[in-house]
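Look for chain A in each of the two complexes below; its partner is chain B in the first and chain C in the second.
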Partner chain A sequence: MSLKLEARSQSSTLWTYASPLLALVITVVIGVCLFMLLGKDPVRGLQMFFWEPIRSGYAWGELMVKATPLLIIALGLAVCFRSNVWNIGAEGQFIMGALAAGAVALLADKDTSRAIVVVVMLAGILGGIVWACIVGMLRDKFNANEILVSLMLVYVADSLLGYMVNGPLKDPNGFNFPQSKTFEWVTQIPRLFSGSRMSIGLPIALALAAALWVFLFRTRAGFAQQVGGLAPAAARYAGFSSRKALWTALLISGGAAGLAGALEVAGPIGQLTPYVPAGYGFAAIIVAFVGRLHPVGMIFSAILMSMFYIGGELAQSRLGLPKSITGVFQGLLLFSLLACDTLLTYRVVWRIKPVQRAP
Partner chain B sequence: MSVNSAPRLQLSGITKRYASVVANDDVSLTVMPGEIHALLGENGAGKSTLVKIIYGSVKPDVGTIKFNGNAVQIRNPQEARELGISMVFQHFSLFDTLTVAENVWLGLDKKLKLQEVTQRINEKATEYGLDIDPQRPIHTLSVGQMQRVEIIRALLSAPQLLILDEPTSVLTPQAVEKLFAVLKKLAAQGCSILYISHKLHEIRKLCTACTVLRAGKVSGHCNPQTQSNASLSRMMIGTEPPTLKHNDVSKGGIRLQVHQLTLARDNQFGINLEQISLHVYAGEVVGIAGVSGNGQKELMYALSGEDTRADADAIRVFTHNAAHSVGKYTPTQRRALGLQFVPEERLGRGAVPNLSLAQNLLLTRFNAVGKYGWIRVNDLKNHASRIIANFKVKSSGANASAKSLSGGNLQKFIMGREIDAAPQFLIVSQPTWGVDVGAAAQIRAAILALRDAGCAVLVVSEELEELFEICDRLHVMANGRISPSIDRATASVSLIGEWMSGLWSNHETAVTEQAT
Partner chain C sequence: MDALALLIATSLNAGTVLAIAALGLLVNEKAGVVNLGAEGMMLCAAIAGFATVVHTGNFYLGFLAGMAAGALLATVFGGLVIWLNTNQYATGLALSLFGTGFSAFAGISYVQAKLPEQTQYAVPFLSDVPFLGLALFRQHPMVYIGMVLMLGLVWFFYRTRTGLVLRSVGESPESAHALGYSVRLIRLSAVMVGGALCGLAGAYLSTVYTPLWVEGMVAGKGWIALALTTFATWRPARVLLGAYLFGGVTMLQFHLQATGIEIASQFLNMLPYLATIVVLALISRNPAFIRINMPASLGKPFYS
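Let's look at the complex of A and B:
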């Protein structure tokens, strides 16, 4: 008896949706093993990840607070990945967005109009775009590999943030801590309800998801954008410019990551610190793929990834596990998904005897 | 039964099922020693699967294989080679940067020295008249020469059964003659040959036995030399192909002029185009013959707008009121002038494999695109459905993905998509490559109908028969240059074959006359 993979004649529609779910199940199973190996009660461990984050209204709010930037960044990345532009430096674009937004927010004082929030968000978008443009230029003019340059620019952005909060933007009355002064209230991203940290970022993210759906599936520009990713020769044949696709993808994803940075720094954080980057830019890559690069799918995967963030923090405070458990779960999910995606194009067959023996 | 009279290869009751199709259904086939046996069938009839079974790369679900009278199980190609089965594939497996001898060496016993291999190549080459220099790197060879390398490689293992898969598709008519001589000599020495093809006249000329496959089943065994093309065709497709009607149409005004187009290749394996000049008038079909890889691809890229490096004036398109220098136009701009284009690669260039037929319409057609680029989904589907119906495309509908269609049906859809645009000028590259006989006839009829309607058509094809069938005038491309044009009525296969080797210098004066 043997276990074999047999190619499907057509990729499976069922497994397009079932594969992320199976990947989640596998992640949970490995997670249980992990908790047991670490000598923790696996039920309590799973509770931290999958029950605590949804057990109350407040918890849901927190879940959304973290899901919002993940979703916004992932929406932008989906445009990139669908058009074969491998921008994996959303983290850097997020940081630059946060830095630009923070710099504008620091200009405000108590009497500034509330409208500055709009300027803060635009500054964030612009910051992200500028950083993505560097990638675009290197790729367009010098044919540089965008995977490498976008990733390396993350560390440049991180160092730049470190320099700014240690130098020009450091709070003069901050006891020499490497952080800016706390932003004025007027720059605070408006919240949805009192008692929750959920901000208008959430409806913005959902509106962007809807806009992305329309762009991808109802406009010719969105169609042209994706053909380049599916079949570059067909895009060339059709006359769809690959340069235009490159720039569109990078401008959208850079702007989205920058906006997420602005919402984050002028929202829950409220000041510039070296701890602004929380890995959302990288986690959003997983969000994008687990959500099948589809706007609706990514809403769910962003919430799931947010659960992992919160679960990791809870596992640290309540179970005494290191916080890096979040990264372990994220990685497990991505790897399980990649493995499960084999089922899209292959079926598993059990065979008793492969070939009938000749007499 | 004595060993000598045992069949070299005997397949009985071979069945191979895939998820959705039965590729081979109870196929039996017997090849005698020294016999040249044809395996005839349309694309998708199950020839490839059967050959893969013989060569050990696919396992049959049911059935037995006997080699020289002994039941055998061939588990992989290496076991096939050990038995004495060699194969020359349609697509070569050679390393471009290595020399001929090094490539052959790779497949042999490593104990041999390179010099010994070189010597043995020379011996085989002399024995069979396969002229080849073992020291030359593969990338400097023509496709015909590469095939010779593959054949020599196969011969070095002293095979008892040699399988050739569509070997003549890359050869000029003269080279085909040479190949046939080699194969006949081999057979006379006792080597059996299994010859896979869909070209009826070749099979009748070369083979002494023939097994015909239709839809996975054996539809007949025969001696092709006692058959006619029509009777073989009946066995292959069930009917005789319809004959095409060539109406007399008066030539209209000029539609396309290519003047002294010279273009350096843009990659290492490309071909430099040198001083290409040609004209196409309304109401005529102009064909470009030649073995693939002589610059046809590069010329097509320059004409379609996928390559915009040409001088603006080198390519001119004439509409009813104006002349346009389009050398630097994008494909979209050229389509706006009434130029439509059908590329040779259907999946991945002419259509996106994973997208539906309706979505694939959006590559070149904008009827369902409204203001701000908004796609009217229902209009798009209806438009696709109309094309599917008009061109008799067998598919599950407008939502079927392009890759779910057979090659012939996808080609019908792509042709339909371009013809439906009512072009002034249509360029078609390899219109019936890998297309079944029925679909090919339909596509050729559509090209002629378009010509009758006053469209200018340029066809690039490897199949000489096809070009003679549909074209009014012929050019030949060789080594990045193009021959003067010749009327089909005055052209002959042997003349075109000569030109395919680049030998049209006697006619060079005609070119200069035309240009001035």
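Let's look at the complex of A and C:
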């Protein structure tokens, strides 16, 4: 008996949808084993991740609060990955967006117009774009590998944030803590309902998902953008500029990550601290892949990833497990997804007897 | 003079972490596989090595544990990219994300742990030579192992038949396959060696170089090591030299602070990362130069 992978003549539609689900099942199974290994009740563990985050209206709100930045960043990354631009430094663009937005928010006082919220968000977008432009310029003019450059810039952005909250933007009355003063109320991203932390970030994210869908599947520019990723030679033949695709991808993803940073810092966080980066930029890479780089898919995967975050926090407070269990599950999910995606282009064949060859 | 000798000594030590990891990555890149999981492997190896030393008190067991951890993760990565032909970039990235999460998770109870006292090493007689003694001959054995490893790889790649086969698998796997070599097994072995060396570097980092465990302590050294193979245009000697230079850049921040120059520490922290970006841009400026030296099938899956 032998187990063999056999190439499919065309990629499987069924597995396009089934593979992320199978990957989730595999992750959960490994998670159950992990809980048992640690001597925790696996049912309680799974409850923390998959039931507690959806059991009440308030919980749903918190779920959306975390899903919003993940979705916005992932939407931008999807454009990158579809056009074969490997921007993995969204975390750095997120930090720069948050930093720029925070710097603007700190200019406001009590009498500033509420319209400053728009400026805060635009500053965030600009901050992310500037950071992504460095990647674009070095790739375009110097042919430097965008994976390494974008990732190195995460560390640079992190240090820059550290400098700003320890120096120019430090709260003079903050007992020397490395953080800015709390932003004025006028800069607060408007909330959807009172009593929930959900902000207008959520409808913005959903609108961006719709816009991305139109761009990718209903415009010529969106088509040209993706051909370069699928078949560079065909794109060249058709006259689609790879430089334009590179810049479009980086500007969109940088702007998206920057916007997410602005929404976070002027929303749930409300001040600049060294703890602004929460790994959303990296988690969004997983969101993008698990969501199949499709706007609708990414809405679901962003919610799933948000569950992982909330589940990790609950596992820490209620089961006494370290919060970093979130990172373990995130990594496992991407691993299993990549493995399961083999089923898109291959089928598994069990052979009981060796194949008889014609004489 | 002593300050300069000390700068050289600390640069060699810091460079050794990068050198061993980068030389390991060089092995799998010569076989045509890019492993972006270096950071994750180094982190997992760092905690594996650290925990082993905490429990056994034996540093060499710690190094072995680190190598085993690195090789194990590399095997998982290799299985996915070599047999299931998954995208090497995405899979490596998954490994890095998983390694970051898993090491933080596994290391939570070791955050305050202390390691046994370290032996001070000195090469007899030579360590007493003025200047050179302090600069070169009072190092941990791992520093010399890094140098020997480089020489060993030069010999292996360019003077042995196996090395030639390994390089042919990276240049043209189809030809190697046609000649009857098992491309997949050779690639897996190379990936495992790469993982083991990244693991050794990670364990050295957490047990000797900065003998403590902090979440995410590798701090991008895995990524810098990846960049080093490109800087060095895939030549072992240049990898080692580049690693020492970057070790120097890392150390420069501490020496600058010691001289009392008024620069915020955060800007000094950025130096190694900024240097990586600048050098990467300068080296990559000429695409033809990179293409001539790069293993021709680097990053490409092999279908038989």
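Brief remarks on what is shown
Just so we're on the same page, the second predicted complex is superposed on the first by the 356 of 359 C-alpha atoms of A that agree within 3 Å, B and C clash if a C-alpha of one lies under 4 Å from a C-alpha of the other, contacts with A are read in each partner's own complex, and residues count from 1 in each chain.
Convention: a residue touches a chain if its C-beta (ideal position, glycine included) is under 8 Å from a C-beta of that chain, and two chains touch if they have at least 3 such contacts.
Keep in mind that this is a model prediction, so the values were computed, not measured.
Looking at the shared chain after the overlay, A:317 reaches neither chain B nor chain C. Applying the stated contact rule after C-alpha superposition, one finds that A:219 touches chain B and leaves chain C untouched.
Comparing chain B with chain C, the partner in contact with more residues of chain A is C.
Of the two partner chains placed by superposition, A:176 touches none, neither chain B nor chain C. Once chain A of one complex is fitted onto chain A of the other, the partner contacts of A:332 are limited to chain C, with no touch recorded for chain B.
In the overlay built on the shared chain, the residue A:342 is in contact with chain C alone; chain B does not reach it. In the superposition on chain A, A:145 contacts chain C only, with no contact to chain B. Legend: residue contacts after superposition of the two complexes on their common chain; A:113 is shown touching neither chain B nor chain C. Of all the residues in chain A, the ones that touch chain B in their complex are 6, 8-11, 218-221, 223, 227, 230-231, 233-234, 236-239, 241, 347, 354-359. Of all the residues in chain B, the ones that touch chain A in their complex are 18-21, 59-65, 71-73, 304-306, 330-333, 335, 341, 343, 345, 348-355, 359, 362-364, 366, 369, 372-375, 377, 401, 403-404. Against chain A, the residues of chain C that register as touching in their complex are 36, 40, 76, 80, 84-87, 89-91, 93-95, 97-102, 104-105, 108, 215, 219-220, 223-224, 226-227, 230, 264, 266-267, 269-270, 273-274, 276-277, 280-282, 284-287, 290.
Contact residues on chain A toward chain C in their complex (touch as defined above): 5, 86, 88, 138, 142-145, 147-149, 151-153, 155-156, 159-160, 162-163, 166-167, 282, 285-286, 289, 322, 324-332, 334-335, 338-339, 341-342.
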